[in-house]
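Two complexes, one shared chain (subunit A), two partners (subunit B, subunit C).
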Partner chain A sequence: MPVDRRRIRGPDESQSPYHFISKESQKCLASGDRRSDDSQRGPLDIRPIFARCGLNSQAKGSAYIEAGNTKIICSVYGPRETERKDETDMKSGRLVADMRFAPFACHKRGAWVQGNEEKDLSLGLLESLRPGVCLHKYPRSQIDVCVMVLESDGPALSHAVTCASLALADAGIEMYDMVLGCTVRHTGTTQLLDPTFSEVQDDQDGVFVENQGSVTLSLMPNMNQVSGLQSDGVMEQESLKAAVQACIEGCYKLYPVIQHTLLKTVRKNAPPSEN
Partner chain B sequence: MATVQVSEAEKLYVLHGVRDDLRVDGRGCEDYRHVEVETDVVSNTDGSAKVSLGHTNVLVGVKAEIGKPKPMVPDEGYLEFFVDCSANATPEFEGRGGEGLGIELSNTLVKVFSNKHCLDLKSLCISPGENCWVLYVDVLLLQCDGNLFDAISMAIKAALFNTKIPKVHICEDEDGGKEIELSDDPYDCVRVNVENIPCIVTLCKIGHRHVVDATLQEKACSVASLLISVTHTGMVTCVRKVGGGSLDPESIFEMTETGKRVGKALHAPLMELLQKEESLGSKRQKVGFLG
Partner chain C sequence: MAADMRLPTVRKQVSLSGSKSAIASLVVPGDVITTDTGFMRGHGTYLDEEKLTASVAGEVERVNKLICVRPLKTRYNGEVGDVVVGRITEVQQKRWKVETNSRLDSVLLLSAVNLPGGELRRRSAEDELSMRDYLQEGDLISAEVQAVFSDGALSLHTRSLKYGKLGQGVLVQVSPSLVKRQKTHFHYLPCGSSIILGNNGFIWLYPTPGQQDEDAGGYYTSIEPVALSDREVISRLRNCILALAAHKVMLFDTSVLYCYESSLTHQIKDILKPEVMEEVVLQTRHRLADQEG
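The block that comes next holds the complex of A and B.
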């Protein structure tokens, strides 16, 4: 192919210039038990959460959740007739979960089309939510859960699960229990609950650390059942066990906040009392 | 996924059997089915392996190509996974039917290999920032009878063991331009260190117990399964809950423990087998696909 030599052509793929600056050696724990995101929390505290239901008037139910810089919205549509007639299940309903990142949500710009990673997260979200929803109450119908991550700072799946179950509850879908999500980052011997993006970055100084990984868990707190579990990295089984336990405790810490949000929504939607 | 219909009575039969540590095909709860591994089955690949696990049959081909390293890690090569669910395995995979399962499988493989421990990616680098080896790992499902994850991970380990990457060296001409020169000797090649590559163990929760290497029938009786990828030292590189049900925390701990034990024991016989097959060289009797 003839090349135009008079001008310098850019590369086919564009990259953000921030990838090429030298990584400052950030430490996960700055001093003492403080976390990197400058908040007052200790290693086993979750970020303060803001959650509201019923923001999208077009959807049957919706929710918004904010934890630090992670911001997620979720809408639930249905139960409605299944789109594909051949997949209609006479006995139980179908739950469809779709998780997407806004192109500007992460450090690297994403594409509008759903990538493999998003498909994987959608599947994780679906498998976490499904045990919590009474699908047998909705035969021949389909419930759609759409999650959009507006800004991502750290693993988004755990918050997406919490947000989606809030939206399902807001839509009045019958559920066995709320599903709450939590992530733990394990490095060496330290555990960081609900990590931020800088805390999940691997080997900050280019040094390979043994026994490092993240665990994301979804819990149904009243039934004490784990509905979703994913981990990556390289971990010893003992650390994995400890991380799972830390996640479960994190979910229980989250539960009162979510309960409060739901109560608030119900009070707001309830008709004014007689007296 | 290929599914089988199981009646309530059959379910109960399987459930009671598992409770008494005796499964339908006579195995105990932690036993694998008969495993057969054969490497170097496809001549056009740089490394290939066929694994049959009971009636599950997978074929893995590895092709090495020269590509550009990812800008974030200029001194490393990378692996690409693709899982094809062909309609040969089950008619449900016809058309786009197997697409969902294929994506799930390949995404899990990416997760399993996405750490620096498994494979020395730096050894795949040719010249930093410019050229590296890209290993395309293509998985073909030939027959499905449950426990795809375990069979695929074994086949990948065997295929990567078998992979021979041709040796290259970089020549620089007067203008400073670089050229990659391939070695003339076809036997002059580099092997991949597969020691730390993990094997996946899938544990199916049936009743109050869990079984490894579930057949399709057993899988239909379980609500949820946990897959754990374990290296030969017992390090866990990936855990995932699959299936529509939920698990209680206690059984998760039990399952990870079993998974670690079973997975750790899987590596030594597999490596021994691969080395033995390798040492036979051309005297090896080829079995092929219908053996």
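The block that comes next holds the complex of A and C.
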């Protein structure tokens, strides 16, 4: 068999160097009250949020949110008329939600084409937002919500829900209430609200910790209704209940900031009153 | 070709209007406006167990017993009798679909247009087949709202000689809330061009026609070249309208005219620069305030 002697080739089998990185460099669990990211927050504090509306002038409504290192932008288009495919469209409108991660958003480079995880997250986003929007006021119409995660540090779904409802409010779509999202990571006996990426990956030592999982919850604060709940991991019933309660409180803490952002946008852009 | 470049700087917002009682109540969706049951609810609100709650983010407006919330971005909500400017998007069996910046496309029925030549007769099958000869996809028309369907779509008609297909001119799109409701929306501006202020935010600027072609039924569109002076007037008007819209000044014939006159000292292309825009709008506001006061 002819062998190529002119070129120097590497070994026939090669493996990614990521397999060999020791993950102890990411010590996560907090000692006492400090979290892994050096900020001053305790285990039940959410990260400080920066939010602005009206970022994208082409879209009907848009919003940008930053929570720690997580950066998410959302654009809303619509309501647009759809062709009447079936009778259900005649009575109420349709909400279409799409969540994408930019390829540079995570530690490992992702692909532009939507994978299964993104489809799941889009569905979760849709389910969380739908109860909040007055779809019966938009018959035969379709509202498009497009979320793009620019950088993801921790579970992005909860912040995406918040960003999407800010964008919907910026677009003037009628809603029963704002929908806010929050995530809790439960490991053993500790609960961490609004976890970062390193706090979510905490089984690196190979030691299996019992009773660990994440809960993402979407809440409508004024109506006090939960519109979306997702959890993964294996948790005891009491921990799950405590995690849900912690999420609800986290959402209530988030509400004044979001309200303030929206009022600021309204104040800046309010049309002149007809006197 | 000269190009103009500038570095981004923070611009201070020039708040020009006098009345700042607009720090009235601003609400976000979900905020309770009132628990008093004596009020009627208008747009942008819903009733949740005796509590009147806002469903959009905006200002609360109270007119006697009616409470409504005006959102900061609206689509056009049509009322009967409004003048609109729209673009044909589809030609269907006995009607045209017109895009008017509202939630749903508006409908222009074949029976609601004037036939060319102004005849009054029952529409026949040949009329249906030659619909595309009258109005095609992409044409601009001016029309009046005849009725509003239950789902919010508008039914338009062009049953008057002042409505119909629009010929040469410039379309400017602004927010519908900036166009003031007046008795007439067709104006001949003394500066030399004409304007149609559509209630849906579409504004049409066109050169004043020399002689009216009355018997063409609104389908005669002149394709003669427009003189340079007319073009300059129309370009300046367009930039003025954009300047007024950027500063949220209500648009009606007087405000557009004042803005045009204030802008005569600048070149047409300079009007779109932020500082020139502010200066021109400030002068316009002063003149309008003087006129009222």
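Quick note on the criterion: the second predicted complex is superposed on the first by the 236 of 275 C-alpha atoms of A that agree within 3 Å, B and C clash if a C-alpha of one lies under 4 Å from a C-alpha of the other, contacts with A are read in each partner's own complex, and residues count from 1 in each chain.
The criterion applied here is as follows: contacts are C-beta pairs under 8 Å (C-beta built on N, C-alpha and C of every residue); 3 or more make two chains touch, one makes a residue touch a chain.
Since this is a predicted model, take the numbers as computed values, not measurements.
> Clash or fit: subunit B against subunit C, after overlaying the two structures on subunit A?
After superposition on subunit A, which the two structures share, subunit B sits beside subunit C with no clash.
> For A:Gly228 in the superposed arrangement: first (subunit B), second (subunit C), both or neither?
first
> Regarding the shared-chain residue A:Leu262, is it in contact with subunit B (first), subunit C (second), both, or neither?
Only subunit C; A:Leu262 stays clear of subunit B.
> Under the stated touch criterion, which partner chain does A:Met220 make contact with: subunit B (first), subunit C (second), both, or neither?
It touches subunit B and subunit C both.
> Using the superposed model, determine the angle subunit B, subunit A, subunit C defined by their C-alpha centres, to the nearest 10 degrees.
120
> Looking at the overlay, what does A:Leu254 touch: subunit B (first), subunit C (second), both, or neither?
Neither subunit B nor subunit C is touched by A:Leu254.
> Once chain A of both complexes is superposed, is A:Lys241 in touch with subunit B (first), subunit C (second), both, or neither?
In the superposition, A:Lys241 contacts subunit B only.
> In the overlay, answer first, second, both or neither for which of subunit B and subunit C A:Cys182 touches.
The answer is neither, since A:Cys182 touches no partner chain.
> Answer with first, second, both or neither: which of subunit B and subunit C does A:Val161 touch in the superposed model?
neither
> After superposing the two complexes, find the smallest distance in angstrom between C-alpha atoms of subunit B and C-alpha atoms of subunit C.
15
> Taking the two structures together, which residues of subunit A meet both subunit B and subunit C?
132, 220, 223.
> Quick check on the complex: what are the subunit C residues that touch subunit A?
It is residues 13, 17, 19, 22-23, 26, 28-32, 44, 46, 48, 53, 55-59, 61, 70-75, 103-105, 151-152, 175, 177-178, 180, 248-250 of subunit C that touch subunit A.
> Could you please specify the touching residues of subunit A with respect to subunit C in the complex?
So the residues of subunit A in touch with subunit C come to 60-61, 79, 81, 90, 132, 134, 138-141, 169-178, 220-223, 258-259, 262-263, 265-275.
> Under the definition above, what is the set of subunit B residues touching subunit A in their complex?
So the residues of subunit B in touch with subunit A come to 71-72, 103-104, 106-107, 110-111, 114-117, 224, 226, 231, 234-249, 252-253, 256-257, 260.
> Subunit B touches which residues of subunit A in the complex?
Touch list, subunit A to subunit B: 15, 19-20, 116-117, 119-120, 123, 127, 130-132, 202-203, 208, 210-211, 213, 215, 220, 223-237, 240-241, 244-245, 248.
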